[in-house]
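Shared between the two complexes below is chain A, which has chain B as its partner in the first and chain C in the second.
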Partner chain A sequence: MMNGFSNNYIISRFAIIRKGRVECNEGVFDFPDEDDGAKFLKSIYKQLKIDYPKFYKMDRLCKLAFLTADYLFKDKNLLKKYQPEEVAMLFANYNSYIDIDIKHNTSIANKDKYFPKPAVFVYTLPNIMLGELSIRHLLRGENVFFISEKFDTSFIFDYTVNLLDTTRHKACVIGWVDYMEKDFESALFFIENASKNKQGLLLTEENLDRKFNTFV
Partner chain B sequence: MGNSYIAGDNIITSLGFSTIENFQNLLKGNTGIKVGLYPYLYPEKFPASLVNKDFVRENAIELKIDKDYTLFEQLLILSITDSLRDISINVKSPETLIILSTTKGNIDLLSNNPKGFADHRVHLWSSAYEIGKYFKTAHTPLVVSNACISGVVALNTADRLIKQGKFENVIIAGCDVLSEFIVSGFQSFLSLSKDVCQPFDKDRSGLSLGEGAATVILTSDKTKAKKPFIQIESGSGSNDANHISGPSRTGEGLYIAINDVLKGSKEIDYISAHGTATPFNDDMESIALDRHKLNNIPVNSYKGYIGHTMGAAGVIESIFCFESMRNNMLINSYGFENPGTVKEINVINKTESAQLKTILKTASGFGGSNAAILFRKMND
Partner chain C sequence: MDDLINKLKVEIIEVLNLEDLDLDDIETDAPLFNEGLGLDSIDALELIVLMEKEYGIKIDDPKKGKEIFYSVKTMAEFITKNQ
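Right after this comes the complex of A and B.
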């Protein structure tokens, strides 16, 4: 801590995906097909020129988290400063995985198809996206997934500062990734010590809130 | 910044409705897992550890929570209420927070909602709101949903909030109820055993599912803590970054989490492992313990007694650790007969007395997640 009133952490990178639009450190990108989430996600995948066959196995909430993280980690030097176990992830959402819960539930309601696919069941757990991001970006920090009515910037700010102050972690990915029917929203923030990055916005509750609401 | 001490606890499983009743059954060597036909869960016979629903109903009527709350919420309310008995923690105080730990909460409402609960009740935050309203808490309960490690993560979260000085008391309540949703999901992985599960045994063939609720109350106010004093020493977590539904071959995440809580010390008296009894999970745990040269420390799994209770597991098993310390007893790892993990570990094969001061509790789960927590009994 620099002093009693502030901390030494910054939001060095961010990536936000909402309907038809991606915003990150590199700028704002608009996409067509904004009423069809699946098409939208696919066009982002193409735009990012990713070759990751496992992407197609993921459910759409996980895809959303995956793509947002790819924008977040566009800066290839970002993670080089850290050991895999030094980067924590603190995520939350509103719907858990209700979207895929309904799919799993429909599948078991049909007694001929009582056994759902393992891939469907595993994606009913909200922290699965953390597993996917850990694999993709080699992150071995600790993970926590909260379910809350809204992105609680006050709680998340406090929790992050404490995590970075008192544990082995030197950086943290904060995330809000939510999907329900046609509505989706994903926002990721990379928090690290100001000495580790020339650019960034001081981590405060207000700045986190302002960034999150960039283009609501 | 104070430490977090245990002020109260409760366990509700097939083995009983209080911590003591559950622990007495462990001492007697009773398992609550029964192979039976439970048509509302699965069309064929399978082993499960189920809470006595008649008893829940009677208690729910007594507390007048039978009509307005789901089974999941009733279990949470009953567990929290019992944990608060005879202690002076004020649940309504702004200094107190409730944290709920669950994987699927009210998921059963998607297909079975005869009481007509509102659609949003299937959401975990909605249950949290109801629990907060029932206990008239100052803050809406926080919900942790981190697959099978939720309970340990919730305890770690609570410990940090207390050490940070954000709250004086944190009540951690874990619960999951078995439903067709969950049973079919685990069946789809072919990960369920045909008989009562056998953690760490050479013939282990999969896990047994269980349901239950449990509550731990942590406080920084030592005058409100339960004697003998037990504190949370440290907690940690790590992701394997390997596979979303299979354990790591090197036990990397669990190795890192254990490393972080032990901080170079090997002075632990006993390890309460996750031990689901799937071939890969138990091997993975043996590898992580072997890498730390903890092969000789007594280790057990409680899954043979109550099955895998998912979001409640970490909370229930932590309370069994507290009871083990309070009674200085090592509990037989039910279902274990012959060693059969890739690395040799010291699985407890007989319930016997032992001086217990420091206990390592671990958990691992879907999403490559791992967590560890260290409990210590204090002299005064």
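Right after this comes the complex of A and C.
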């Protein structure tokens, strides 16, 4: 089974945000005029017509993950098949939370005006991003976040299959969400047993890699 | 009052790190907490500090916080009365 191939699981849904473009099961959506990351994310938020005031309090990494997840879960029936405890999250990125760490560090650099802002420093751990997704979509399974040089399909594949084969979890959200200054990208995949969904792409290392690199 | 309201909106965006919000995104009469901007208790602390640092107003009675920080408009009215 751990040979990059599994007959049991499929990638039933995906959502990728990268370079002014969103791609998901429903199609491709371009935002060509938005080269600024913050404005781009706000445009997506408005287009999705989401009413979630807390969105504006999130840091940009959280916003990116939040919006990508809203595309991933556009199919409202997807999660109804599972108990909240049965859906795990396996995330990774390269820059961790350094983008917001730098911002926090800058905000406390002046010793005469030293006042750490809770609104900034609460968002200095990747786990916060997973927490936001858990709250929004009621995902209560195990979650784990790795720092990795790249989207390591081999490692992610092995970890996911092992998780689904050996624990109570019946589905898993795989995620790569990275944000550093003006560079950002996000890719989420919903993995579930093939018997639970007739539509999807067989979970293999190759398919995961191909999907991730859809429009690099 | 309009100038004070706009100044408050700028300060709220700054202290609460709502950097992607525009002034027009904050409705003057809308509730700041829960619904509206969705602020929470940590934000309340920041707003209390803002009142003290920027306007020299100390809020001694925490129970009054709900009324004072209900909206940008109620904040502006309280500052105008107490400065």
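Here is the rule we use: the second predicted complex is superposed on the first by the 207 of 216 C-alpha atoms of A that agree within 3 Å, B and C clash if a C-alpha of one lies under 4 Å from a C-alpha of the other, contacts with A are read in each partner's own complex, and residues count from 1 in each chain.
By our rule, a contact is a pair of C-beta atoms (placed from the backbone, for glycine too) under 8 Å apart; a residue touches a chain by one contact, two chains touch by 3 or more.
All of these numbers come straight from a predicted model, not from anything done at the bench.
Shared-chain residue A:Ala38: touches chain C; no touch with chain B.
Touch criterion met: A:Ile102 reaches chain B, while chain C stays clear of it. Contact with both chain B and chain C is seen for A:Val122 once the two complexes are overlaid on the shared chain. Contacts of A:Tyr56 after superposition: chain C is touched, whereas chain B is not reached.
Within the superposed three-chain arrangement, the count of touched residues of chain A is higher for B, of the candidates chain B and chain C.
Counting contacts by the rule stated earlier, residues 115, 117-118, 120, 122 of chain A appear in both its interface with chain B and its interface with chain C. Chain A meets chain B in the complex at residues 84-85, 89, 94-96, 98, 101-102, 104-105, 108-109, 111, 114-118, 120-122, 124-128, 130-132, 134-135, 138-149, 155, 158-159, 162-163, 166-168.
On the chain A side of its complex with chain C, the touching residues are 38-39, 41-42, 52-54, 56-57, 63, 115, 117-120, 122. Within the complex formed with chain A, the chain B residues making contact are 43, 103-104, 107, 110-111, 122-125, 128-129, 140, 142-147, 153, 157, 160, 163-164, 166, 180-181, 184-189, 236-245, 252-253, 256-257, 260, 366-369, 371. Those residues of chain C lying in contact with chain A across their complex are 15-21, 25, 35-39, 42-43, 45-46, 49.
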